[in-house]
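Next up, some structures in structure tokens.
Next, two complexes with subunit A in common: one pairs it with subunit B, the other with subunit C.
And now, the complex of A and B:
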């Protein structure tokens, strides 16, 4: 891609995200989301493969529909209440429409069908952008409108997302689709707590971003898009393989790694809200995800494929472990001890 | 008078229906013209004549012309017509969707088409839509710049998608 195009796309992604994050008027929030959608389309279709083009088209259609729903919801609210403030969404139709629009933007079940295919069609770095940066504006809108959204629908979508993310991820061999379903399941955890304690949604999203960035960047170093490639990537970078296992288990939510922190706090808050059956269901559905994370860890680190006896670590390294991988990996393994910082200051 | 607005609204919806169930883009754009003319008429009836004229000019004089030129460059020799394979199915399906939407959304109970107007009365007051455009250039210049950047970005994205002729993303070009 020409460097001018890359500059325009990068600038527009940053601009769109910043506009939506810093807006209090629905028009500016919608403008930022549209700029983001437009800017990432050439990135998804960069490889000019038919699957990538189809992924770009699917992404554009679903996100444009969701943006139109956001626009309609804010217009209905402006028509009936006369103001455009994001935090003052009061009309019931607006609230319901906004819930479905945010769900489509994020990829919550039952509006998740675009997400695995879009992720599969894009490169690993674009998939990283789609899972982390492109989710930041809708999560911020979810946080700001959390008191006005339809909580019944949000809870149903959250449990459905955890279920679908867990079950559909079980039969996948392509790592990008596995990470797409893991994203859907994590979004389910983020959504179930948003009406009770929206700060936990943000915490869960930040930690999810760190962990999934570590995974995507690690997979990008060895270009491991399938399980079979992960199986033979151990001689290239043995240390990275070991940390990949720990990062995957952190994403699964295993203590004492970082990924346990959001789940722990969310379960605590749900129990305080007397939603014990919901909590049990969510925890059981995360076990499904645990299985495919364990399978990924097994294929990358725990097993060695049958090889000749003198097969050793490659002496000539062509791909480098970069600085961000080190940062994100250490953060995704060792951040659980900061949990006392989540307590309110006395 | 209220039936004029109702007729315009029905034409608007029918135009949208024609666009959605088109057998080929040449016939879909006819629906688009009908929908935009009806939409302009509706806006005029609400009192926003300036915005209606701007919509007319930009939509029909700008976007439609660009569409016609690009379609004439990449034309199909034998496009499907309205009386064709699955067109009737699409039209019937979309009419059903519309009826469900009207019934579920309870739009039948309130025939409030064109009752409210948006312009104020007075000798020296500025019309609301024209005043709104002025605000867009003065206090709302941030939104103006962002909207302008968004439109320019759409141009760059389309240029990037069709770059490379038959090796590019849109291979039919």
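And now, the complex of A and C:
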């Protein structure tokens, strides 16, 4: 892709995200979401492969519908209450439609069907952008409107997301689809706490972004798009394989790694809100994710030499820039000791 | 004017149903998307007339410009899908199934 195109796309992505993050009027929020959608379509369809074009079409249709629904629900609210402010959404129909629109934007179940296919059809770097940067504006809208969204529907969608993310990820061999389902289940964890303590949603999202970036960048270095490639990726960068296992276990939420922190705080907050059965269900459903993370870790790290693999080894050594990988990996493994910083200062 | 509200609700709802129940062609889905945007544009135009506020009269233009960009992107995806899949039939989009 020519540098001018890359510059325009990068600037548009940053611009759209910033517009939505700094907006208080629904038109501005919608504008930022539209700019983001328009900017990432060329990135998805860059390679002109049939799968990429199909992913771009599916992404475009779902995101355009969700944006129109957001604008429609804010219009209904404006007609009946005269308010265009994001934090003053009060009309019940408007709140319900907004919940479903944000769920479609994020990929919460049962509006998640586009997400694995779109991630599968795009390159690993574009999949990273789709999982992290493109989720930032809808998460910020979710945070701002958390008190006015339909909390029953949000809880149902969160539990369904954790269930679908866990169960559908079990039968996958393509790493991008596995990471899509992991994203869906993490979104379920983020959504279940948003009506009680929205700060935990943001914390969970930030830590999820760090861990997912570490994994996507690692997979991009070894170009591992399926499980069989992960078996033979150890000659390329052996240290990276070892840290990939720790990063995957962190994404699964295993203490004492960083991924345990959001789950711990969310479980604590849910128990305080007297939702113990919900908490038990969510914790059990995240065990399903544990299985496929362990399978990924097994394929990449525990099958180290000397073993007999039934695939030809690839000796394509790449000189990738590993500075971001180092930063994100060390953050995703070692950030649990700073958890006292999440306590309110006296 | 409740009758105006009813017409906007029903236009938007019918268009989104048309988008959700698309059957064969991608272009019919894009047309339904455009009619959703058109109903939103007319609603945004009528809103300052109804509420007697003059500070919102440029909002429909902003919305229309973004929906025109989106329509252009949708048509570009239509052309791209014709090049890779041979047609815009939506049941050909089955390469990425789980």
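Quick notes on this structure:
The criterion applied here is as follows: the second predicted complex is superposed on the first by the 331 of 346 C-alpha atoms of A that agree within 3 Å, B and C clash if a C-alpha of one lies under 4 Å from a C-alpha of the other, contacts with A are read in each partner's own complex, and residues count from 1 in each chain.
As a convention for this text, a residue touches a chain if its C-beta (ideal position, glycine included) is under 8 Å from a C-beta of that chain, and two chains touch if they have at least 3 such contacts.
As the structure is a computational prediction, the values presented were derived from the model and not from experiment.
Of the two partner chains placed around the shared chain by superposition, neither subunit B nor subunit C is touched by A:338. When the two structures are aligned on the shared chain, A:284 is found in touch with neither subunit B nor subunit C.
Applying the stated contact rule after C-alpha superposition, one finds that A:1 touches subunit B and leaves subunit C untouched. Using the contact criterion defined above for the overlaid structures, shared-chain residue A:55 touches subunit C, although it does not reach subunit B. When the two complexes are overlaid on their common chain A, residue A:242 makes contact with neither subunit B nor subunit C.
After overlaying the two complexes on the shared chain, residue contacts for A:38 are found with subunit B and with subunit C alike. Within the superposed three-chain model, A:15 lies in touch with subunit B and out of touch with subunit C [touch as defined at top].
Residue by residue along subunit A, subunit B and subunit C are tallied for touches, and C comes out ahead. In the superposed pair of complexes, A:71 makes contact with subunit C only, with no contact to subunit B. In the superposition on chain A, A:27 makes contact with both subunit B and subunit C.
Contacts of subunit A with subunit B, set against its contacts with subunit C after fitting on chain A, overlap at residues 27, 31, 34-35, 38, 41, 45, 48, 53, 56.
Of all the residues in subunit A, the ones that touch subunit C in their complex are 27, 30-31, 34-35, 37-38, 41, 45, 48-51, 53-58, 60-61, 64-65, 68-69, 71-72, 75-76, 78-79, 82, 116-117, 120-121, 168, 171-172, 177. Chain contact summary for the complex, subunit A toward subunit B: residues 1, 5, 8, 12, 15, 19, 27-28, 31-32, 34-35, 38-39, 41-42, 45, 48, 52-53, 56.
Within the complex, the subunit B residues that touch subunit A are 142-143, 146-147, 149-150, 153-154, 156-157, 160-161, 164, 167-170. Of all residues in subunit C, only 5, 8-9, 12, 16, 19, 26, 29, 33, 36-37, 40, 43-44, 47, 50-51, 59, 62-63, 66, 69-70, 73-74, 77, 80-81, 83-85, 93, 95-98 touch subunit A in the complex they form.
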